[in-house]
Amino acid sequence: MKIMIINPNSDIEMTKAIEKTAENYAKGEFKIICKPTMGGPRFIARYEDHIMSATGMIKLVKENEEKVDGFIIACHSDPNLDLIKEITRKPVVGIAEASMKIASMLGHKFSVISPIEHSIPNKEALVRKYHLQDMLASVRAPKSKDNEWSEEESLTKAAELAVKEDKAEVIVLGCAGMTGLDRIIQKNLSVPVLDGVTCALIILTGLIKYGVSTSKVRRYNPEF
Amino acid sequence: MKIMIINPNSDIEMTKAIEKTAENYAKGEFKIICKPTMGGPRFIARYEDHIMSATGMIKLVKENEEKVDGFIIACHSDPNLDLIKEITRKPVVGIAEASMKIASMLGHKFSVISPIEHSIPNKEALVRKYHLQDMLASVRAPKSKDNEWSEEESLTKAAELAVKEDKAEVIVLGCAGMTGLDRIIQKNLSVPVLDGVTCALIILTGLIKYGVSTSKVRRYNPEF
Amino acid sequence: MKIMIINPNSDIEMTKAIEKTAENYAKGEFKIICKPTMGGPRFIARYEDHIMSATGMIKLVKENEEKVDGFIIACHSDPNLDLIKEITRKPVVGIAEASMKIASMLGHKFSVISPIEHSIPNKEALVRKYHLQDMLASVRAPKSKDNEWSEEESLTKAAELAVKEDKAEVIVLGCAGMTGLDRIIQKNLSVPVLDGVTCALIILTGLIKYGVSTSKVRRYNPEF
Amino acid sequence: MKIMIINPNSDIEMTKAIEKTAENYAKGEFKIICKPTMGGPRFIARYEDHIMSATGMIKLVKENEEKVDGFIIACHSDPNLDLIKEITRKPVVGIAEASMKIASMLGHKFSVISPIEHSIPNKEALVRKYHLQDMLASVRAPKSKDNEWSEEESLTKAAELAVKEDKAEVIVLGCAGMTGLDRIIQKNLSVPVLDGVTCALIILTGLIKYGVSTSKVRRYNPEF
Amino acid sequence: MKIMIINPNSDIEMTKAIEKTAENYAKGEFKIICKPTMGGPRFIARYEDHIMSATGMIKLVKENEEKVDGFIIACHSDPNLDLIKEITRKPVVGIAEASMKIASMLGHKFSVISPIEHSIPNKEALVRKYHLQDMLASVRAPKSKDNEWSEEESLTKAAELAVKEDKAEVIVLGCAGMTGLDRIIQKNLSVPVLDGVTCALIILTGLIKYGVSTSKVRRYNPEF
Amino acid sequence: MKIMIINPNSDIEMTKAIEKTAENYAKGEFKIICKPTMGGPRFIARYEDHIMSATGMIKLVKENEEKVDGFIIACHSDPNLDLIKEITRKPVVGIAEASMKIASMLGHKFSVISPIEHSIPNKEALVRKYHLQDMLASVRAPKSKDNEWSEEESLTKAAELAVKEDKAEVIVLGCAGMTGLDRIIQKNLSVPVLDGVTCALIILTGLIKYGVSTSKVRRYNPEF
């Protein structure tokens, strides 16, 4: 089994971190190709960032469709996910969709920890797109700007508030850039903390093993 | 007042039809610039078509932002509407959003007539995005393939079924390419038939006159 | 074009303020007749107030139907709006429906500023009637009673809290009596502030120009 | 215990039929005063009919508030129900609200049989007002016009279709004028058939015995 | 009329308190048999507690079906309510369903006071099961552990916060063990306070008098 | 990795079929223990069947908790799923929840094929419990009784109708007894057909590999 993980941004560091998480999950049982997106922005937050990534993402999918068994879109905005589901017959999993749907199986309500406040309404819109709005405890972002969002302390604190004040029973890390911090944050909390990349791997490797993929009958049919 | 209408596809004929509808509404009271999108597909139905239009649409907006008072996105999938709302401070109106929200003020439930069956699930997803799913009677497309969708007979028949069987009280024409057929279809039905371009003009000219535009505080803030 | 604005209460001052807002929007391009409702209460807050206004409102509509092109109901409870849509074939717009649906096109979530706390549940019920409950950030009323609700300071403060605490991206002024304060409040905030009378004029003048009106096929059919 | 049943229309025959149903339920255990509404229309279907009833209904409530223990509004559109809940401290029950909420306790989904097709959208709006839209199988009206709606055959047939085609598990008779037909229709069907007047009596006599009434803290507070 | 009230737990004290409430409501007009459940736990909070009660509850129903006219399940988690509705043709009422649906008729929103924080998510899931989630102001539990939940002070305080902060207009006592405290708490608040046992009696005695019961056509059909 | 699959009924044949499906997916990479439930009914359709299974299911979980890494509940009613999630710290997956949530990632809407008509409302209630009601195209059961439900022809025909008439884009096999028929039915249709046992294995093996399980902070906390 060979899986391609597309990081929709062009950040090499983040791509490496994603790959490391994936390899930790894979334990050598399947192959992983992890790529940043040429022409993509350094960080994805705005709708324009989604568009800047699209051409590079399409190129990666079209060039690799025959070589791999499925694709993961490794940005927690699931940019261009409908598009990628449409253009390939191979299964495609977004890290936001996978992590939030798995969260919905592990507890009453979940919170998403967003890297920046700017993304909160966009995340809320995404949660509603996946019909999960009534299982959402909150979307929270670390508040103080002098604390870098990547620092585990600020994320842990935001997650703690989500559990205590918003009554979240599961935490979803809302950025591929937070990958690798799930275990550290979970240690300090009493609830499961989910990394999107790992959750997407759970779904995608399962779909590949099972041999099912996106329905091509209407919504994701590339022809009409 | 000067308005730019962006046809997200590259079809010159359709662009002219849109312009004609707009001029009929404007009656010379404001200026209209109506443009097709360079690099856009001939017809927009798939998610990939949205992406193919994006670069050209951004270019049109950035080049004309200082010259016009607002933008209309004249495709009934509202492609890249969030993006365009984000990148400009000028007001932006999508023909699907405008026509369906006006429909919601004129009757109990509305139906959308889609040009092709392929678009029905995408339209349903769009209706839900605008929180209008409980006011939707149906999305219908003309059934027989030998009848061209642009023919008024096939559209009228689909609209009739929407009124009789689905209990629609208002009809929304679900494609910019249907522009100009509203009055003809309405004559044969007992319900209002809405053209998206005209509805978008109602909202956009009003916003411009009023002097309000997209909120830039979070979701559509281009900076973060 | 001639428009009748019905103030469902009998307050002459408020009627004049509404008329002034309308004339500012009209800039002489169309005629406005603005009338208080004989027999209506001084202020509309309770369900009984809606009923007290009904007979006078019906009278105004029936007497003026042939003389004007459309009606605006200028109270932010939209009292008797279904009734007025039913009894006339001319288009009818309520200032609450118009302002909240326009708000839904300008940002992720909106808040309504209510003149008094008593009206908050009624506003919430109205928002749900229009299927907008999931786009509502909050309904807020100025808290302290010694601050008159009409004072711009107390409204601005309530709007500020709506933006900061409830994450509203758009503010809707929830009373016709607040007309004229939109620009003043907007200056102090970073978000659009919508006046209901102006929003209703945007929709109504557009419908008249377009030549469409309430669907008479079932819900608003005066005969059965 | 003394109960006033207000028939919001002025029809004496229908008022007698309602009274008969109520006496059958009461079996002499409590007193019933059943009144038509002076000035009300002969039949209530349109929003204007609601208004025509309002003044007479208020008069009946205000004149009898001290003499009775509670009120029933005996029209299945629940006309002016919020108003009557607001103006009296005595408990008030509408026959639509009572019958549909009891229906929701007896089966998976219910259908409402409406006397005329015109009322279907209005009933749907009422069902949604009571947050019951997801438990509604359908609103159906007898189809053929030569069959009088009051005839048990046409109602039974509509109810049968609701059970077989719409999968209703409970039938609600959607008009006070159908009172007395519940048992006859139920005999021919395998599901409970609910009469609104009886259902309202269940709730109202219970509230009176219990000693609770409408909350007066905000929404139904007559003062502000 | 003879009614069996099943306390799904085995607590004799609580059973007596429930019986006392029921007798106070009955005033000798109908007979009440109130039984604890053999094999049931002392207190019901967990899903396992529901199962522990089930066998004893089924036994009580099957042994008494011919002797009584209907059943009340007197635990505010409504444990095994679908099951009991399925196995008997006699009407069955759960105290949570009855009290929350009556609450929905008395005010804009209601809050449930839960005995312990542990039950809050379970209550929320129950509220949603009954389609009442949009009428729920909050589920609250008394906070401090040194204050016994049965004490009226701690419950009153929780109810006060529900009214003031969550804008509840009606309070539902969320445990059969709180029975008898409704009047005491109501005295200190300005809103109706509902006891589940009394509310269930209102519905059940009404259904029996009316002669209707659970629909047996599909969902609650014991045979297939 | 060792997984226990609990068939909540006592049918040995069905248990073997489930085991075969599981072994086909496992391909020897992890161990499977597949057990019927002692004391469980032959087939699970009624709420009483859920209860009959409960004691045996609890016993299986408590006896095997230390020996296995996770549990699958292999009946498409997900009987006692909340209970099993509560009583063990090991991850637990229901085949209905897993298959319907995976279906929601593969297409616009899905249909569930139920073995018998009796189960349709119960399935609808289950779908709503998982917040998936707006992604449900339909629940369908094979109609004619002379065609055994286990026959692939009758299931294929029901699935075809779901795709053609209800516009399902994904089919979920709504009974563990249908296991093994997914590929056969899928061959005849143009959409993915999901087997619940396989879908549950995808989720459960992933959770085990990842090292996360049910949140124990509130709803599924066995202590309070």
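In this document, chain identifiers A, B, C, D, E and F correspond to the written order of the chains, with residue numbering beginning at 1 in each.
Note that in this section contacts are C-beta pairs under 8 Å (C-beta built on N, C-alpha and C of every residue); 3 or more make two chains touch, one makes a residue touch a chain.
Being a predicted model, the structure only gives us computed values, none of them experimental.
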Joint neighbours of chain E and chain C, given as chain labels: A, D
Rigid-body rotation angle, chain C and chain A, from Cα fit (steps of 5°): 120
Most remote chain, CA-based centroid, reference being chain C: F
Self-contact between copies chain A and chain B, residue sets same or different by half: same
Distance between chain centroids, defined by C-alpha means - chain A, chain E (Å): 43
Chain C-chain F separation of Cα centroids, rounded to whole Å: 51
Chain A-chain F separation of Cα centroids, rounded to whole Å: 26
Interface hub residues of chain E, defined as touching at least two other chains: 108, 120-121, 125, 134, 167, 169, 218-219
Chain-to-chain touches, reported pairwise for every pair that qualifies: A-B, A-C, A-E, A-F, B-C, B-D, B-F, C-D, C-E, D-E, D-F, E-F
Touch list for chain C against partner chain E, complex: 120-121, 124-125, 128, 133
Chain A partner contacts - residues on chain B that touch it in the complex: 45-48, 50-51, 54-55, 58, 80, 82-83, 86-87, 116-122, 125, 129, 218-219, 221-222, 224
Footprint of chain E on chain D - complex, ascending: 25, 93, 97-98, 101-102, 104-108, 130-132, 134-135, 163, 167, 169-170, 190-194, 198-199, 201-203, 205-207, 209-210, 212-220
Complex interface listing, chain E residues touching chain C: 108-109, 134, 167, 169
